[in-house]
Every structure is written in C-alpha cells, then in structure tokens.
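Only one structure is covered here, and it is reproduced in the block below.
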C-alpha cells in the first residue's frame, strides 16, 4: 500500500533541486520546520525562491540557508530582526518582494483553494499597488494573485499517516495555508500519531493536502523574545 | 498646572486611548507604545486582544513555568491567554481585521495627515524592515487609532497636511493621539478633540490653519 | 458587563423586521438553527431574503417560513427535495437565485473575510456566467462578489459566552462561514459551556464573529434520508 | 459471448471505474450510480472518499446504534467514517476540489460532448432542482469521470458532438463510462477506449464519424 510516511527529512526531501520555490511555515521562529530546513542546508541546493513570512529570524530558520547563499529570491512581509537577510538585500545579492501580511496569507490560501485572484483594500494607494489593477468596490481595492510553490515545508505538533495535522497554540500561523498551496507538501511533526488519534472535528488540516510526513527530531523550539510576568 | 505646556507621558497617552474603548470590545495592538494598552487596561473592560499571528484573547505575560515557545504575539514576544481565547491560521486572522470584526486597531506611526493617511513602514534610503501586517491592519477595523509623539527628534511635526513618507494606507485613520493632544483627520484639517495640559493650538505645528 | 448571552430565541431575535436578509446554516436538515427559524415563524415577519443552501428540506427548516409565505427571495444552490419551494417557484411567488455550491460558500466566506471579489472557474461557460465579468487565468474564470446578510442564524453543538463555537461532524457545513458574513450573528447551541471549555486550538469559530448566543431547546434533529448498514 | 451486444450493468460500469482508480487516491462521488463505487471498492485500494458537505474519509453505512443526524453525505444520506476522517466547513471542502487536491471526481450526467462539456443539472421547461455542487466539482479534480447510460429512455444518444442542454461545465470531462463502453472526449470526436462485450462502433450512435 502506498504510504506518505518517510523515515526522516533526508528521505522525505529526496527530490529537491536547484531553482525550486519553497514555502516555509512559521512566524518568526514559532512553528518553523527545523528538520526540513536543516536538510536543505545539508543538501546545499541553490537558487531557492523562498516564500516565508520572515525568511528566518535571529540567524536561525531560513537564515541558515541565507548564510550559505542558497536563497536567490524571497517573498515575505517582514525582514526586521533578520540581519542575514538585510545584509544580502543591501548587497543586492537577493531579490526581496515585500507583501502585506494579510495579502500574503490570503494569496497562499487562494493558491491552495483554487481561487485565481481576489480584490483586497490592503495596499491601495501605496507602493504595493504599483502595477496592479485597481477597482472600486465599497473601498478601492487591488487585484492580488495566488502564491504557489514547488514545495511547502511545514511543522505540526501532531500528524497521522494520512497527513491530518494538529497545530499547537500560535504555531499554526501560515502552515496549514502553505500546506494547501505547495505542489509537494512535506510535513514534520513533534508526534506522529495513529490514524484516528486526532479527533475528526479537530483536524486543523485534512491529510489530502499533504504528500509526505515524517517524525522530526532534536527540536530546539527557540524563544526569540522571552518576556515574563516577573520581568 | 501653569501656562507651561505639559505634554502627556506615554502612559497618559495610553490612558487617553483606554478611555475611548468600550466594554467588551476587540482590539488589535501594534508594536511599540500601543502594546502598553494591554498592560494598563482594567479587567472590568473585558476587552479581547487580537494578535495577527493568530490569537484572540491575549492576556498578560507568562511565568517562567507557563512560558511556551509556540505562544507569542505579533511582536514575537511570549504571551499568555485568558479563558475563551482561540488560535487560528493567518488567513482567518487577517480576515477578522479585513472583514471588520475587530473594533479598534491601535497602531504606531511615523507620519499621519489631514486625509487620514498613515505612513509607518518605510523611510526611503534607510533600512527596510517590511510592512508586516500594517497595510492590512489599517483597512477593516471599525476604528483606527494612531499613537505617536507629536514631534520627531529632529523637531519636525509628524501631523501633516500630506504625508511625505511612503504610505501604509490612504484615508484610513479615525483618531490620532500624540503627547500634545487628540486629533481627528477631517480632509484638509485636523479637528482638535482634546489638548494635553497647557498645550495651546499655536504649539501644534507651523501651519496654523491646519487645526480646527 | 456587556453580555452576548440571551435567554432564548425570542430574546435574541428582538429586532427582526420585514424585508431583512437572513442567512441560515445547515445542509439539508443537518445543522439547521431550529429554534431561531421557529421564532421567525412565530414573529411572522415578511419579505425575508433567505440565503441558505437548501431553503429548507422535506417541509422542515426554512420550509416552515415558506409555508407561511414569509420568504420573498432565496439564494441557494439546490432546491430539490423541497416541494414547498418548488411550488412557490413555479407559481412565481418567490424569486430564486441559484448559485453553484462552492461559489456560494466562497462568496459567504469572502463577505466575512473582507474580500471584495474573487475569480473562480466554476460556472464559466454556463448560465451562471451570464452578465458576469470573465477573465482568463490558467482557466477561464468569472468574477464573483461577496454575499452578506443582515442576520445570520446558526446552530452549533457547543458555544461559550464569548461566542466561541464547536460543531459536530458534518453539521459544520456553511455555519461558521455565515457566522462571519452576518452583520448580526445569532447562535443557538446544544450546549452552552463555560469560557475555556472549548480548547483554544479546537475552536471552530472564534467568538469575535458572534453577536448573540443562546441555549436552544427541544431539538428534533431529524434524519432526512436514513440509510443503515443492515438495509 | 456471441455477436449479440451485451451492455454492462451498473455494477459492471462501477467495476470498470474502480479499475481506473489508483491506490490511496481521493475521490468525490456524485449522486446516483457513482455512489455505488463506495460500496464496491476493495479496502486494499485505501481510497479516501470526499463528500462536499464537509467530510473526507466516508466509509460504509452506519448501524442503528451508530447512526447520527449530523453525519451525512452530500446526498443527505446517513454515513459512517473511517479512522483518519476529518470534518471541515464548505469553503474548505470546495477548496479541496477547486484547488486540485481531489484526484478523481465521478459524476452522473444527462449529456456529454466531444469537447468534454457536461450537462447534468437542468432540462429547460422541466422542474429545476439547482446545480448544487456540480458546477464546482467539474473544475479542479485531477480527473473528471462521467458515468451515464449510453442512451436515454427516449432512445436518444447522450454522447453528442455538442450538448443541447444547459451546461454544467465546458471542457471539463476526462473520461466517460456508459453501459456501452469507455470513451475520451478528443475535441471533435470521442476516442473509444473500450467497448462492452458484443458492442460494435456502429451501435454507439447515429454519427459514425464521431467515434475514433
């Protein structure tokens, strides 16, 4: 019987190649697919088109790939807190497209849900609207198009062999949307559970969107800005 | 209290904002001064704080025991949540904003103008950080409040007839709180809603006709 | 302190009036807001613009309002199995707009999420496309607009005083989308639970979309077409 | 088996369809003959059956003990689900289809033509039932299979050069199974993929040049 379950990151990412587009889940360092990113670093593929809200943060996550100059272009909403990206932007070594975060998430959803374009007020009258079709509804809006990727790499708290996923707290962020938009979606999980262990009503992402899944290892789950009540 | 102008402190600005908030309302708080709102707001107001990375019901800070790497706000700081909180994906989170379900959005700003346009994401020639969620946040919330100091460190007033920096949103701001007062963009002028103690209209900026 | 919790359907639906548009959740009779529909019947308001996948089925649900001629127009995807609606359609007593079901659900979501319009391939080259803007993407598509309503009436299995909802099995269908799209969303629940009783990760609809909620009574939960393994 | 045409029964048509399905594939089944697929498919194929009202992982029928008013398929019949099933809202459900995540969609039909256009929702002048999800289902699934009897009761062939009934979708069908055979729309002709026992090309319809 055909299975989606792979042994580890290396097995699941067997067909990467130079020049692919890769969507990577996570907000800052929260919910990033650590194992898959490390595997991409290990393989050393180049000219990656990265689509991720932050393209790494604080020298971690996708910044591991930036340091090795594996990323040639980035689509994201926020580059602050990512000195590796800022440096390569200033040096003209990377082509960065900034997208408003709500438009970013909706464009990814649109790709996954087969919506070919949508009108949003976000960005109207700003640099973001340049070259885009504008149209008046109750507010003036601009036309935005779907954002797809060859691979989506995602991390979830729990996943089953069909690829049903459950995310913890705010680690969900862009991940289920990217899982919908990736042509090949590769998921790593903290816990690989049995079919049926995630209650059918509480599946956050149905497994039909997932092509490959594996049990991740050695998670660092770094807290970027710890602020505590006693501070 | 004398004739001497006595501009509000950050905390006084925050309290002015809190006075505008209705009981039970939902809020999105931008990075910077607005985050102080979460810490000063009385529990009796029962507000629901939204953070666009995918949480509604943000409460105070976590303790060393409860802190979680997967529970953060849009400023990437660790948070805790109150009973009734929920988590959701980013498309739903921005849909809450864009669809008009969040009552108030409180943002910081670099410049704001009499048309209600806001600039808060980019200074040409300086380091670019990206707009993050700001361009989405300014559309959809029922009320957009901008908190900023009245004057830049260079001495230039931040409330202008027309913004000179790249815009975050055009015609989007409903109310402005500075250390000098509270203002509403009226198209060609700012209506002065309230002034800080000792602040007079001639202190608000060089363009006298801009304040009505 | 302001509360969203109402005593019953009559209390929660205190401000209905002739001519309002009403979205009603449910697929066939599965997940319909029985108490709210009965209250609308009791109040006898007229010229309702109903938006619901089926506008009742088998003489129940919104068909209770059809029988009293309270509905003047209907937006829906399927009218089969609803003799009351068919009869009024043939008699020209009701204005029915048929919308493909996927477009119907996406238009409702668009209204809730502030999307002003979107392009979908569904309906291209058919009667549905007449009078709509067509545009070529990878497939030819048509522009569809948001579908809003003055009131959304919804049923959920569990809800808390803030309006966080949890739906059972396939009773979810259009309900969370309609809750997003209604100007005033009124929810009835099988179980009104305490704040925090629905796990934050498993909230199907965050309470910010809900204006009023009440504990429903006397649910019939009729099965329309029971088919059993032993049959 | 003689020269006598021996068209397939409904169950034989279903078995022909099942032979086309890959292990582990996801399916949406339309109302009518296609629902029989769910009952005949061997467990070894491990298919995931989607019903557009918001469930993936439909299995057999419930028992008197497990039947639930909130667990139905798009035909409004009670169902049961298998381990690994999930429930979701209608927008996500149709997004699965529109976004190309369901491998095969098997629909009934009134007419289908050489361009791959399908008519299955409306006969002008007759009772209108509505298109339900059919117009969405024909766009997006990787493979659209239509199952229908080759001839109407009136004797008219349902496989045409151009549909005469209002369309459900234009250029959408990949494969057609009738009681007479299996066909693929090629633009101006149908390619004959397989014929039922004893069926010859001259039995397929009046237009001889339409079958290649």
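All chains are identified by letter, namely A, B, C and D, in their written order; residue positions are counted from 1 within each chain.
Here, contacts are C-beta pairs under 8 Å (C-beta built on N, C-alpha and C of every residue); 3 or more make two chains touch, one makes a residue touch a chain.
Since this is a predicted model, take the numbers as computed values, not measurements.
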Shortest path length from chain B to chain C (each step joins two touching chains): 1
Of C-D and A-D, whichever chain pair has more C-beta contact pairs: C-D
Centre-of-Cα separation between chain C and chain A, whole angstrom: 33
Centre distance in Å when chain C and chain D are each reduced to the mean of their C-alpha atoms: 28
Centroid distance [mean C-alpha coordinates] between chain D and chain A, Å: 36
Intercentroid distance (Cα basis), chain D paired with chain B, Å: 55
Contacts with 2+ other chains: residues of chain C: 106, 109, 113-115, 120-121, 139, 167-169, 172, 200-201, 204
Junction residues of chain B - those touching two or more other chains: 87-88, 91, 94-95, 97-98, 139-140
Interchain pairs in contact, sorted by label: A-B, A-C, A-D, B-C, C-D
Of chain C, residues touching chain A in the complex: 106, 110, 113-121, 135, 137-139, 141, 166-169, 172, 199-202, 204
Contacting residues of chain B [partner chain A, same complex]: 51-55, 60-64, 67-72, 74-80, 87-91, 93-95, 97-98, 117, 122, 127-137, 139-140, 166-171
Chain B-facing residues of chain A, complex: 27-31, 53, 57, 76-81, 86, 89-90, 98, 100-106, 108-109, 120-128, 139, 157, 167-177, 204, 221-231
Chain B-facing residues of chain C, complex: 1-2, 109, 111-115, 160-162, 164, 180, 194-196, 198, 200-201, 203, 206-209
Residues of chain D defined as touching chain A within the complex: 22-24, 26, 44, 46, 48, 50, 56-57, 81, 83-88, 91-92, 94-102, 139-140
